[in-house]
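Sending over a structure as structure tokens; questions will come in a sec.
Think of it as A, B, C and D in the order they're written, each chain with its own count starting at 1.
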Amino acid sequence: MDFITNPGFPYLSVILLTPLVGALALIFVPREEVWTIKAIAAVSTLVSLILSVLIFLAYDQTIGGMQFKEDILWIKDLGVSYSLGVDGISLPLLLLTNLIGFSAVYASWNNKDRVKEFFILLLILITGVMGTFVTRDLFIFLLFYEVVVIPIYIMVIIWGSTKRVTKEYAGMKLTIYLLIGSAFLLAGMIALYVNAYQLTGVRTMDIESLMLVPFTEHFQIIGFLLLGIGFCTLISMWPFHSWSPDGYAGAPTAVSMIHAGVLKKIGGYGLIRIGLFVLPAGAKFWAPLIAVLAVGNVVYAAVICLVQKDLKYVVGYSSVSHMGYVLIGIAALNVISINGAIAQMFAHGVMAALFFAMIGNLYEKSHTRNIPDFGGLANQVPRLAVGFMLAGLASLGLPGLASFPAEFTIFVGAFGVYQVFTIIAISGIIFTAVYILRMLGNVLFGPRQQQWDKLTDLKGPEWVPLIVLGTVLVTFGIFPYLLMDPINTGVTSLFARTGLSTVIGGGF
Amino acid sequence: MDFTLLVPEMFVAALACLLLILNLVAPRGERRGLVIFAVLGILAAIAVVAFNFDMFDGFLGRMYLVDAYASFFKILFLIAALLVCLTTMNYYKPLAGEGGEAYTIMLFATLGMMILVSAGELITLYVGLELMTISFYILTANLAGEDARSSEAGLKYLILGAISSAVMLYGFTLLYGVTGTTMIHEIAQFKEASPAFWLGVIFALSGFGFKIAAVPFHMWAPDIYEGAPTPVTIFLAVASKAAGFGVFVRFFLTAFPQHADHWIPVIAIMAAATMILGNLAAIPQQNIKRMLAYSSIAQAGYLLVGLVAASEAGVKSILFYAMIYVFATVGAFAVTIAFNNVSESDDIADYSGLARRSPLLAVTLLVCMLSMAGIPPLAGFAGKFYLFSAVIEQGFLWLAIIGLVMSMLSVYYYLSVVRVMYLGEVTDYSAIKLKGSMKLVLYVCMVLSIILGAYPGPLAELANIAARFMF
Amino acid sequence: MIHFAVQNSWLIPLMPAIAFAIIVFFLRRTPQASAFFSISCISVSFLLSLGVVAGVLMDPAAVESSVTWFSMPGLTVEMGTLIDPISGMMVFVVSLIALLVQIYSVGYMENDPGYSIYFAYQSLFAMSMLGLVIANNFVQMFVFWELVGLCSYLLIGFWFYKISAREAAKKAFVTNRVGDYGFLLGILFLQIIFGTLNFTDLAQIIPTYANVGLLTVIALLVFTGPIGKSGQFPLHVWLPDAMEGPTPVSALIHAATMVVAGVYLIARAFFLFAAVPTALQVIAYVGGFTALFAATIAITQNDIKRILAYSTLSQLGYMVMALGVGGLTASMFHLMTHAFFKALLFLGAGSVIHALQGKQDIWEMGGLARKMPITTKTFIIGSLALAGIFPLAGFWSKDEILLAAQSNGFTGLYLIGSLVAFLTAFYMFRLVFVAFYGQAKPNNDPHESPAVMTTPLIILGLLSVVGGLVGMPWLSTNFGSYVYFGEAHHGYSLMIMVTSTVIALMGIYLAYLMYYKKTISASAIANRFKAIYTLLYNKYYIDEIYQWGINHIVDGAGRVAYWIDLHVVDGVVNGLAKGTRQSGTILRYLQTGQTQHYGMVLVAAVVVIILLLGLLDPSLGISAWGGGN
Amino acid sequence: MTITLNHYLLLAGMLFCIGLYGALAKQNAISILMGIELMLNACVINLVAFNRFMAPNHLVGHAFGLFVIALAAAEVAVGLALVLTVYRDLLSVNIQDFDWLKW
């Protein structure tokens, strides 16, 4: 892997901008050239995927910290720079984004309506999400985050589907909810920036520099509250979660995949990197509240899943439930739990994306997502059933798939801190098993139904999401150290760097 | 008495007069040549102002200030005038006498604004203000037009504007009476605040508040913006408002800095009310011009936030935001002009399917509206970032939160338009033809809204230079 | 070879894992190749496990090796192997039965469209079960614990187009999950308190740990795992339903191997339970109760596989009870012998079902003894072994258990055990007499199964006969010399041996009278004790109670939560949105269009600002204005 | 009794209020314009009086007053023209009739 550690080459920029370049290229492709359009989208995401896999492998864990750094001063008077870099925390999420981005292109392969616009927006979306993970600058982080909101809205209202709620309602709810959350986020970030300037006399947006600023405890509490509202909305913390099931239900497959798979994780990522490491005292102050609400997430959403009839609502609420684990991991504020939280974000991302890809595929062919309409599909579409099973089993935390090590680590980390909350939260594994198996059973198993005989199984490009995401689920499930080691490098080095354990105290 | 300092103003005055004469010579109904002439003239004026951008001098002592702050605004007015002139090429209705008078009056209004932002003294300020306002009365009423709504708007504007300026004038007289001077910087030396002084301040505040359409002095704006011919609406919303801010900021920061603790909270409340009301009232609107009118009220609220900061960073952010606001607003209104041209309608419902009829119009409207809403990477985001970071620096976190939440809320009504454009039922598939000048305006506004957001550095640097002169 | 097997015991689960992967990816369309490959791999595992057993017999000291699965400061999770007599015995039993069942399946599953995938699942199961058995720490145990649960799910639901199979599979998994929840909590406690999950390490630390109360809680939490997996009351409900799977699966997973994983876990973690007598007592009574409870149900059931299933539950209760009374040796011994004869019985039942094209009701059978001689003979051997007739395998192990109960002072459990022995003998021979010697049904055309199926029967029959001899108490070196906790001890009680044999014979005789001679009318008794019979027949209505609970309490909670979500959480959101729109509308209509209203607002605003400034800040003196200056 | 500044200011204040009342209460557009004129005249009185009593050394107040008179004339000129246009459209000079633009 020596060739890739060449320090001069801007790998991250290439990874980040290739989809964007693809999107720009698409503008000049005539809209009739459907095949070319798809090919460009696929190639540009594939390039990013391959490079991010290489980076994932080439990341030097013995050194740790931010690697593959790039710095260009961007806005001088604000102290903003286009600075990229990955560490153990962002590395898995970068990989995740590209995995899902690439799969999402293929999951949309059969889209026939306004193909050109769709892929342009999709590529912008992928770029935006990726940007938040590779940037080291707060301003750029926010910029990328908000960039994605509008494409999502447009994609939902044009290519979405109307079921329980109209797609217009779903799209608007998603957008406004997240934007208002981001208003608090923005306020918190500006306050952070301004306060750091007043304390140090340097205008900087560099997250790592901000980590070393001695903010007062009072400010940290307010700052974390503001950031927390934004990030927790994004990660769909109870009671700010209701955008999520409706949004996913309304959105087209690719958007659901990216949204549930990675976009949501920006919330957790931000909470960790910015909330926790920049404002540790604030995090300590609010952590118990987050833990309580996280338990609410896990159990409440899991219980709701039991009575859902729409496949996407099941997975939507399920993702709310799983994010509860991430939140409780973050709230426990120790290396183990945070390692687990990040791993869980990765694992859940892959799993949710796979789920949505499969549901999307099924919906595309059957035009329904109503669980009672199905039954015995494993007779007609066994490959699709395999996808459903993989995603479902990962969802219920089956060992051997990526989510088990993650959940287990969270539990270990959180258990020492919030015993009662964790015990309640872990009960989620029972409910998850119930609703997942109920859903899988009712959709896939049971007597063959004549009406679904016409369904075609996965074939050609439709295989790609299952193969890519399924491989990842299994690989990281059997060899969890592949995922855990980089994460651990990132988290421990940040703990050491910020002296977090001394601020937080306890928890170890 | 260095008259060279007045070259830009004299140039614009001369241009206005020249246009008036040309209008007499040129064939009736001929608009194109006049516009080109005006545009070239304005470009030259911009060059003249820009050439002496970074200077500081006063004509007749500090009566008439020529500094980067004023120059920044002058460039802004001239750019606005330029863009508005270009949009009129596509405007189907006769504009003030089928020919050049409108441009002449527009240039006189521009002249008034230029005087306004340079004024270092109350009389000059008042004259500049009236020159601008009276020109706008005429433009709004569109005396040559047949549209009764324009006449109504003109009359309303005149009555309300006159009342407001009378109130403000009364405030000026009180200030003059209490301090014995009309020089703004000398008023600042008057430390003791009496009730009469405060009355003067408040009356002045009401006058400026009226010009920038800040709540609670905003009532005129929606009606007048809706009724006026759209190019005039643009000019009113962009340049007049910016001029109001230019003088407001200079006047308050130069004359009353020592009383800042008292008037800043009032302005903070005004800013909050403006942001809230503007955005909320825009939601139920069905007429796009009226919606944009409320939206521009909300924009004034954001700009006021910069004044609340009352710091160099605050002024800089106002300057920056005012400039990017020009492009966003002109772009959005220009789309309504182009659309109105073919459909004779300003109803949002009629925008249905615009994305298919003219992708350019739809994209421009989308970009400009989102820029106003402050969605990155568009210019409005950078602008809001400057504004709110300035005000948070002064401890007004609550104001920033209100502002940010409201700006995100505004996405709701902007996106409603987007939804109609992209998703609405299409009844008319005919493509919309645009004139070159209109396309130019649209491209300029859209591209600048993106570029200034993605790379705000240079403009911010200019604004910074300008803002430094205020302190 | 022996040394190699002991040192590389990780190969044992790896072989079937390879089989699984190869079949899934390459051999799906070649059923014969799948079966061949799967059986080859498990054979290798079996040979290796023979090596392991030999190694253990030569040197019973534990051999441990491990690799790090993932680690971070404060948490190291390992994957490893721990070979000692207990795991050696288990490896042997599991790989042997798995091998026999796979061979048997070649005949039984013939012509099934899912033939390949069946063998893939079988391999996956073998991998998981063997991985569980050689685990050297709790996480690994839990990982494979869950994986065997998955295999159980997949194999119960193998004929997924049957609704009953689908539901049974789901029920199995979910019920197990309830147990796993407690198990996981127990593991977490151990990790938090002791910082390690390695069995060897924990065995060192735990006896020195002072907080017995907490330790009891942990032990009971860990015990919930076995409650689920080994079908102890009250989580036993899944096992009878699990009979929806193919019969070889029932034999392998739901009789011989997977269900005893719970028992094995308790034995493996006996250092934990031994430290807390209270927990042991709980375990003993849960086991005893389950043994009796399941046996009473078994006497009324009519489905051949269900009878065997309840029998399995009952025997599992026996093993758990044995552990609870401190008889680890007895429990493990019974585990092994039970694996032989219960697998035999299930495979025999499978042979019958195979011959009758899927009929499972014993009353629809009858007269099989003549048509299916091998099956009948082996089945009777199995039944006798299960009933505990001298000198078959069950006799030795059951006596050990009864002895342990009695000698450790659990007289009540000893009596229960004896009663269960009676019931066991009764229901097994009820089954034998009805199915094999009853009136032949005219529309049945049974025939003996092919050799590929009968061979495993014969092998298991032999083992059922001789398998118990390794535990003969008169041997100087017997089963108990290797498998024990604390100190090995040999002992026997002739009294117990005699009484238990007599009790079993009484059970058989009663069945003979009722179902062969018919001198005692079964239906008359059933009518006489109608209420009890109905209660037993309906399995104490426990399934119904659970179903009611799930429908009304769990789903009810779901409905309530969803209602809250729609109307409260979302209601607030939508309400805010509506409020925003409406306030916008109100503000809109304030704009009357009347010029003078606007002017008045302007003036009023000025006045308000004056008042505001004046009232808020009296120092400005505005409030005192009016009097002039 | 001597006429002091306060008297002038009182006069101006009254005049201003009367003008404001006229501008806000009269229905005839012409009357409203007249009210506005009164307000402006009040300002002029203020300016001149202040100049006389507070800062008699300069004539700034007088100059200001002259400017105001001129601008008031301009304003009224435009105003009357507008009233004419509106009358031409609506055949009314009643300000309350002009509420086409609202909401």
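The working rule: contacts are C-beta pairs under 8 Å (C-beta built on N, C-alpha and C of every residue); 3 or more make two chains touch, one makes a residue touch a chain.
Remember, predicted model here, so these are calculated numbers, not experimental data.
Chains that touch both subunit B and subunit D are the following: C. Across A-C and C-D, it is A-C that has more C-beta pairs touching. Centroids of subunit A and subunit C (each the mean of its C-alpha atoms) stand 35 Å apart. Remark: subunit A and subunit D have CA centroids separated by 65 Å (rounded to whole angstrom).
Centroids built from CA atoms put subunit D at 95 Å from subunit C. Here the CA centre of subunit A is 42 Å from the CA centre of subunit B.
Those residues of subunit A in touch with two or more other chains are numbered 176. Touching two or more other chains at once are residues 588, 591, 593, 595, 599, 603 of subunit C. Shared interface positions of subunit B, defined as residues touching 2 or more other chains, are 155-156, 159, 163, 167, 222-223, 409. Per the touch definition, subunit B reaches subunit A in the complex via residues 370, 375-377, 381-382, 385-386, 388-389, 392-393, 397, 400-401, 404-405, 407-409, 411-412, 415, 418-419, 422-423, 455-457, 460-461, 464. In the complex of the two chains, the subunit D residues touching subunit C come out as 6, 20, 23-25, 95-96, 98-103. The part of subunit C that touches subunit D in the complex is made up of residues 588-589, 591-596, 599-600, 603, 628.
Those residues of subunit B that touch subunit D in the shared complex are 122-123, 126-127, 130, 134, 137-138, 141, 143, 148-149, 151-156, 158-159, 162-163, 166-167, 169-170, 172-174, 176-178, 180-182, 222-224, 226-227. Across the complex, subunit C meets subunit A through its residues 68-75, 77, 139, 142-144, 146-147, 150, 153, 157, 160-163, 165-167, 169-170, 173-174, 177-178, 180-181, 184-185, 188-189, 191-192, 550, 554-555, 557-559, 561-562, 565, 569-570, 572-573, 577.
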